[in-house]
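Here come two complexes built around subunit A, the first alongside subunit B, the second alongside subunit C.
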Partner chain A sequence: MVMRTFTLPKGEELGTLGLKGLRMTLSLCYANFLLYLVLYITGMYINIYITSGVSTIGIGDLLNIFHMLIATLNFAICFIVMTVGFLYGMRRVAFFSLGAVVSIIVATLGGLLFLSSGGGRETSSSATLAGGWIMSALFMLALFLSYYATLKVMRAVRVIEAVGGASSGE
Partner chain B sequence: MANPSDQSEVLSRKLHNIFRLLYLQFAFYWATIAAGMFVNYYYAVPATVTPDVGSIFQQFISSVPLFAHVSFAVLSSGMSIPVIILASRVGLKQVVWLHAGAITCRMVGFVTGPLFIYYSTSAVGDPFASNISTFVMASVFLMAVILSFMSRIFIVREDVRIKYIMVSPPSLEVR
Partner chain C sequence: MSLTVGQAKDTGRISSGAMKLAYLVGLQGAFLAASYLVGIWLTTEVQGAAVTTPEVIEHGIVSAGFAVLTGAVGFVAVLQHRRGVALANLVLFAVTLVGGTAGFFFLANNSDPTVISITNLTMMSAIGFGMPVTAYSLAASIGAARGTEKESMSGVSLMIYMALVSLALTVVAGALTLSAAFYMEAVVIHVGFAALTVSLTLGVLILSVLEGGENSPMTWAPQRIVFALLSLAAISIAGADGVITIYGGGVSYVVVMAEVGVLAYVFLMFVSGAPAGMRLRGRA
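Let's look at the complex of A and B:
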């Protein structure tokens, strides 16, 4: 026979969203990771195969439009998760997501600087290189911050499930 | 036999040590990509580099961003070793395998990195192979990050399990 002892969740940020809402937020977070993956792959492809040589990329390039579209969706999801965190009493989720949102904004500005000042590496100015570096480094920072927000949501789901199991006599 | 609550306390402490190591590892991952991107944008293989092991490894010391990139890559990969040791002690097999996978991915990166310099030297000058090496290096880095990310999910699950659903031994056995 399995004996279980239940403790009240001290120091846990469960929020007021409820299990269903948290699960939906978690699904959104997982979808966001797919977007991060697509952003990384398209970004690396552009970086290695388009802008590494004498070629440049412009804002109207199809691959760039796709990359920017994915970045916009990525921003939207981070913003939604941040709002959920602020509205439903999950401070850590809110602040990690806020960090991700700010990082994505700065990364986008870096990307725009990269595009507007040349859009290539070999035929570029120092502004192009700085823009490219800011875009890449801040993208990665956003990925890590989103990950921590996701972990906090996942933990809240798990804790509620565990404690809920106690009340239902599981 | 030790009290289950004492055992869970010990387990919890070990899991928190893994958490700390993972925070450090993720910081090193970020530093690796930040330095890597600095190399990507600001470093060009000098014409003096010859396609031999000595000359290529000399580059890792003579170029500051390259040295930083390689150092952070080694540190971030190395962090998986204590994680594997601690995870095996608490019986988290998935974490052990995920970090073993992450280290393997990074090993591929440690081969393709020097290959990038080799194919970029003026003597060899093969941009196709150089691009492939860079793409493989970037891909395996991402794979290592994903595997490390996944490991933390299992650790959170275990932490919640021992804190809120204390199952009687032997499943809580501490080695």
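Let's look at the complex of A and C:
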């Protein structure tokens, strides 16, 4: 076997996953962005069309259940990417995803506060508003952190492809 | 920092991830046991569950942990080309999501008997399906790490999976006993599968002894035998507790039955992860 040695710039992180695995992880990251989009649309719909007036939303409303289901899937994917990062030596991917996981946990607590304190803006206390703000802000933070984790995975794919891994398909 | 790349197919190849996968599966099993126990506690001891009830939050945390770990195990198995483990865990992940959604519906209608029955059944199905899946995943990943993958399909391993499927059907039938319409049928099915579980666990013990010593009388698998014995003891105590529950016990006995039953699951997991043979005496 002919061996070639390449010197990588400082800060590059390829891990031990291999090109095929990295591509699968990247696909998972893209699917996660789709979930972020659905989460954003359902959250905004609830915010603008349901709870903007005197109406409230409860845990049993269909749209709320759908929103929570998407949030669960989103959390699961962030957790999976974090696990892959830790297991296969991609520290930055792991830590960015860990940040996203923690952000989603805090956002979930915000959602819990929103639901348990009334689930509406006009008819509920300031705790409901605080819950809503926590949910929105931490959602954005999780989105940014997932974006950076995805960039790192994408970068690793590009570097491995550039040094000759693409033809192997591994 | 340098990267060495061969011309052949060895770029970034996974070298030894099987043991890491086994640790993840172990953690998944621990979360399964915890979500089952907290769920049983919630069903029997808490009236009028709401989203802010501490037990509901605890159950939500551990069952979410179980769900995300299932997804993580499934995806890592895909990355390691373990098709069986990946498929089983990804299906289990979908089942846990259905169970979670049923839980959200339950919190909105916590006094409707139909909603209560559906929630109990879907959640118990997720737990029940998770029992053999986690045991198989553990046996396959530990086998891959040790280079003895065929052991995950050996006679004793198959007997463990059958015992866990039987245990799973026992807990699902147990959940159905909460429904007044199906109480009698559910009790009969529950007792029948419980008896089958005891028989299969006894079979695990016997096969552990026989398989461990098949190469020579001095090649035994003490870990498997000890864990199989403990599992048999746990499932027998759970059965005895069930008899006490029927003849005048209260709901506290149901919680104890679940606790001892989950111990049987944990010990069977240990049996599936334990080595099949251990040489007690060096070759002459």
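Keep this in mind: the second predicted complex is superposed on the first by the 154 of 170 C-alpha atoms of A that agree within 3 Å, B and C clash if a C-alpha of one lies under 4 Å from a C-alpha of the other, contacts with A are read in each partner's own complex, and residues count from 1 in each chain.
Definition applied: a contact is a pair of C-beta atoms (placed from the backbone, for glycine too) under 8 Å apart; a residue touches a chain by one contact, two chains touch by 3 or more.
Every value quoted in this text rests on a predicted model; they were computed, and no experiment measured them.
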Contacts of A:L129 with subunit B and subunit C, given as first, second, both or neither: first
Subunit B versus subunit C as contact partner of A:L69, first or second or both or neither: second
First, second, both or neither for A:L112, with subunit B first and subunit C second: second
Which superposed partner A:S27 touches (first subunit B, second subunit C, both, neither): neither
Touched partner set for A:S52, first subunit B, second subunit C, both or neither: first
Contacts of A:G60 with subunit B and subunit C, given as first, second, both or neither: second
Contacts of A:F79 with subunit B and subunit C, given as first, second, both or neither: second
Subunit B versus subunit C as contact partner of A:V163, first or second or both or neither: both
Superposition-derived comparison: subunit B or subunit C, residues of subunit A touched: C
Doubly contacted subunit A residues - partners subunit C and subunit B: 2-7, 9, 159, 163, 165
In the complex with subunit A, residue positions of subunit C that touch it: 1-15, 17, 20, 24, 50-52, 57, 64, 67-69, 71-72, 75-76, 78-79, 93, 97, 100-101, 104-105, 107-109
Complex interface listing, subunit A residues touching subunit C: 1-10, 12, 14-19, 21-22, 24-25, 28, 58-61, 64-65, 68-69, 72-73, 75-77, 79-80, 83-84, 87-88, 112, 115-116, 159-160, 163-165, 168-170
Contacting residues of subunit A [partner subunit B, same complex]: 2-7, 9, 37, 40, 44-45, 47-49, 52-53, 121, 129, 132-133, 136-137, 140-141, 144, 147, 151, 154-155, 158-159, 162-163, 165-166
Residue ranges of subunit B touching subunit A (in the complex, touch as defined): 4-5, 26, 29-30, 33-34, 37-38, 40-42, 127, 131, 134-135, 138-139, 142, 149, 152-153, 156-157, 159-161, 163-168
